[in-house]
Amino acid sequence: MTPLRKAALAAIASASLVAAGCGSGFDDNGSKTQQSSGPASLQIMIASSGDAETKAAKDAAAGWATSSGNTATVTPAQDIVQQLGQALAGSTPPDVFYVDAARFADYASVGALDAYAKGDAFLPRLNESFTYQGKLYCVPKDASTLALEINTDLWTKAGLTDADYPTSWDQLTAVARKLKASGVTPLAIGDTRDRIGAFLVQAGGWWVSADGKQATADTPPNEQALTYLQSLLRDGLAKYPKALDAGWAGEAFGKGKAAMTIEGNWIKGALSSDFPTVKYVVKELPAGPKGKGTLSFTQCWGIAAKSKFKEQAAAFVTAMTTADQQMAFAKGFGVMPSRTDAQATYQQQYPDDAAFIAGAQYAQGPVNAPKMDSVLADLDAALQGLATGDPKAILQRFDKNAKTALGG
Amino acid sequence: MAGGIRGNERSAGWLFVAPALLLLGLFLVLPILMALWVSLTRWNGQGSPFTAGVPFAGLDNYTGLIADDGLSRTNFMTSIRNNGYYVLFVVPLQTALALGLALIVNKRRGFFRTAFYFPSVTSSVAISVVFLFMFANGGAINAILSALGVHGPQWFSDPRGVFHLLLGDSAPAALADHSVLGLSWWDWISGPSVAMCAIIALVVWTTSGTFMLMFLAALQNLPRQLDEAGMIDGANRWQRFRRITLPQLRPTMFLVVTLGLIGSWQVFDQIYVMSQGNPAKTTLTPAYLSYRTAFRDFDYGSGAAISFVLFLIIVLLTLGQRWATRERNP
Amino acid sequence: MRTLISRFLGFSILIFVALVFLYPFVIQIANSFKTEADAAANPLSAIAHPFTTDAMERIFAGTAFPTWLANSVLVTVVVTIGRVLIDSMAGYALSRLRFRGRRVLFAAVLGVMAVPPVVLLIPKFLVLNQLGMYNSYPALIVPLLADAAGIFIMKQFFDSVPVSVEEAARIDGAGVFRTFWSVVLPTARPALITLTILAFQGSWNEFPHTLVAVQDPALFTLPRGLADLVSGSLGAGTQYPLKLGAALLATIPVAIIFVVFQRYFVRDANEGAERG
């Protein structure tokens, strides 16, 4: 055997050894990750509702970085579930990231989150969303609810007045017909459970039982809600954003392609930055057969269990959740503060947001259980086809899928 | 011949192939083995999948796709259906178009060949962006359609299958109430959705240039005598094409069809950029589903299992191609 | 008269088909320089009215386009050089050098060529993680450095070239590597150009690999950044001129290479036909 050949064989052999796991990049230490003190460079991943929120978060992070002597890089994720999933599996998670209430249980159950939180300063109803097996993991960032936004110019053009703001489904249908007659799409509504679910609440139903352990989609109230929305879609009284060439309902609304939309607090920031000229009012969602109903959304500041800078990350989160900072975010992109002591100030400063604040009283939180994401994604897919689909079949399908996920 | 120049060659041979061998082994062969292992586990993306703590699932991930009644099977079968219709449309269309283009440019050089081939070399992502714009509701395609008096569909938000559209909106109970492999018969016969049709149009448009070149190469190697003999016999142009040219193109035709089959089971980039499986899962394909299952749902085992089933489909097609070409070109 | 009509008809078909194939690019270019309102109202028009470079400015100022561009250039250059070197060495050895295991290796290369790239997404992610390379430049570059198809092309090329020159060189006592470097490579110029172009085009356009190799936006290449921009986060809006412009800029380098080296592109497709 010549030296050259020996060398080649050695190279191949050593390569297969490396591959066999000597140099594993996977980090199996879990929460025992080596901590670094001193100045940190924090990576923060956010799921931004738009340029307004991105800017506000970047400004706030830059402010904290300068005053504390650390660096903080804010990255708006295009698809936070996917990017975070890859980052966690690759053991390179950002130190701090938004955790949506609907995904929280998934992250907490696999041990991806550091349970740093002491949540006495926050609204208990929000804290509940971030508690897993009796332990609070992360503090709520803010809160939002859905309301009905109405473009006042298009409204007047259709011959409608302030007295016509709809407060019931029947009125909603009636004004939608008038708007349609004036040549504008009456309502732009997002094609997901996070918007359509509001109709279920108004009809007195919900996807799952109150304790979140049973699927309860296939009930008459839910069917009634979907059938009502289906009639709006079929008659052209409501349209999904894609049908209006828009990425989301707020864009269609901002461009004047729809006279009404159902979105949350974040729409204020998006409209003032992207469509500053549009004039609109915000009203509570029209009540259904069983009264008023809306959905609430919240996210928390999650800290990665594998972060090297947990202490600094916690300091960052504290700085992001002071009452002043929460009011600054409220100003920047319209969300409501999650701190108990900021509520009164907020109501004073933003009287126009009465509808969002009022909604918080009777809002329904998201479905929050591990392993539900693919079931909910399947539901969203079915809801995209609601106009031509069978509401009862959609609900039955959800029940069947959810039973497997919740039972297992 | 041992020793001397030849002896030197032996070691040099291994040395020359070593880098390629190492890279292909590390990034092609080894990953497949790793993924095979992961497809037998319930690894959730936390920590290394190659430790004792990872729950072993046996063949559960595979039976979940094929045998067990549940969401994974419904998703997988939906993706198979979608990709099946996609293949059914893309392969004949791109083959016919490629042959047509080759015949058009056979006697012309230069500009037109370049024009038809150019889409094939551009980035799939960049082209997808252009087609997203063209197929937007108020986009170029609908502008052309409305000039022709047709009210264009809302391409990327229309989940209705084209066969369903032809058959009418409501499902006959006999088809809707009976299902096989998690989808009702009515769902199976939906045809590609309107949204999928836009993607089919894009792919046919981009790939036919490549296949055109294959036909062109074959056309230019055809002996002229046969064609001339046909001309003397008084056969017209169509008869000569049908009776003389086409039979001689059979090997190329076969190659183009099988390469098309193999390629079109792998559609991913366009789905990722244009539709992400929406609307209503009608553009979900096995390749995209495998990606989504692993990286969005943290179900790496099931995602890897989907990859292997897809792998199997493609390997069978490849073997079929090898076997059949061997038969035809002894 | 009949032939005149049929000629005219044939030519009209040709023009029509050429329009179908080229007009999308015209639309792309025109709409990159339109205002958003104009692009939405007149998507078909080939003339931007009013003409604006607003979208182009926003591409450079408002997105991470410069980062993506720099990353793409880096990845493409390294991968192209690496592939040309590694593939031609392996192809040469498999064609010319006699050593035990050569046939098996070549069969293995053929086998690897048949592995469909999309089924490698999850596997590649696993191996990059296991090697501790995930989310880094090496992860973007190293796995792309060798490709089986390139090795195949080079082997076929060397098989088709007479051996006399290098035999002479070797009898003169030059070592295998010297012979390869100063005698073989220069004669392989046409095949090397083909390989270079293929490697350039392949790595410039590569998308799925970047999806599982990195997740840090600072490491995005053009296709990845573009895909991100298009499926954009909530509130980013449609912004078609911006997206079309970015896609246009990403297409230009390949377009230039294509126009300059057309005949080599064509050669590759023909080789594909023979490969069958």
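Remarks
In this document, chain identifiers A, B and C correspond to the written order of the chains, with residue numbering beginning at 1 in each.
We adopt the following convention: a residue touches a chain if its C-beta (ideal position, glycine included) is under 8 Å from a C-beta of that chain, and two chains touch if they have at least 3 such contacts.
Just so we're clear, the structure is a prediction, and the values are computed from it rather than from any experiment.
When every chain is reduced to the mean of its C-alpha atoms, the one closest to the centre of the whole protein set is B. Counting C-beta pairs in contact across B-C and across A-B gives the higher total for B-C. Here the CA centre of subunit A is 35 Å from the CA centre of subunit B. With centres taken as mean Cα positions, subunit C sits 19 Å from subunit B. In subunit B, the residues that reach two or more other chains under the touch definition are 8, 10-12, 14, 21, 26, 30, 48-50, 136, 138, 295, 300.
Touching of two or more other chains is recorded for residues 40, 125, 127, 129-131, 212, 231, 238 of subunit C. Shared contact sites, meaning residues of subunit A that touch two or more other chains, fall at 19, 21, 24, 26, 86, 89, 245.
The part of subunit B that touches subunit A in the complex is made up of residues 7-8, 10-12, 14-15, 18, 21-22, 25-26, 30, 44-51, 70-71, 74-75, 136-138, 154, 156-157, 159-160, 169, 277-281, 293, 295-300. Interface of subunit C with subunit A (complex): residues 40, 125, 127-135, 212, 215-217, 228, 231-238. Subunit A contributes residues 2-5, 7-9, 11-12, 15-16, 19, 21, 24, 26-28, 30, 81-82, 85-86, 88-89, 106, 110-112, 191, 240, 242-245, 373-375, 377-378, 381-382, 384-385, 388, 401, 404-405 to its touches with subunit B in the complex.
Contact residues of subunit C toward subunit B in the complex are 13-14, 17-18, 20-22, 24-25, 27-28, 31, 39-41, 43-44, 86-87, 89-90, 92-94, 97-102, 105, 109, 112, 114-127, 129-131, 142-143, 145-146, 148, 151, 170-171, 175-177, 180, 201, 204-205, 207-208, 211-212, 222-223, 226-227, 230-231, 238, 240, 243-244, 246-248, 250-251, 254-255, 258-259, 262, 265-266, 269-270, 272-273, 276. Looking at the complex, you find that subunit A touches subunit C at residues 18-19, 21, 23-26, 47-53, 75-79, 83, 86-87, 89-92, 245-248, 250-251, 266, 270, 274.
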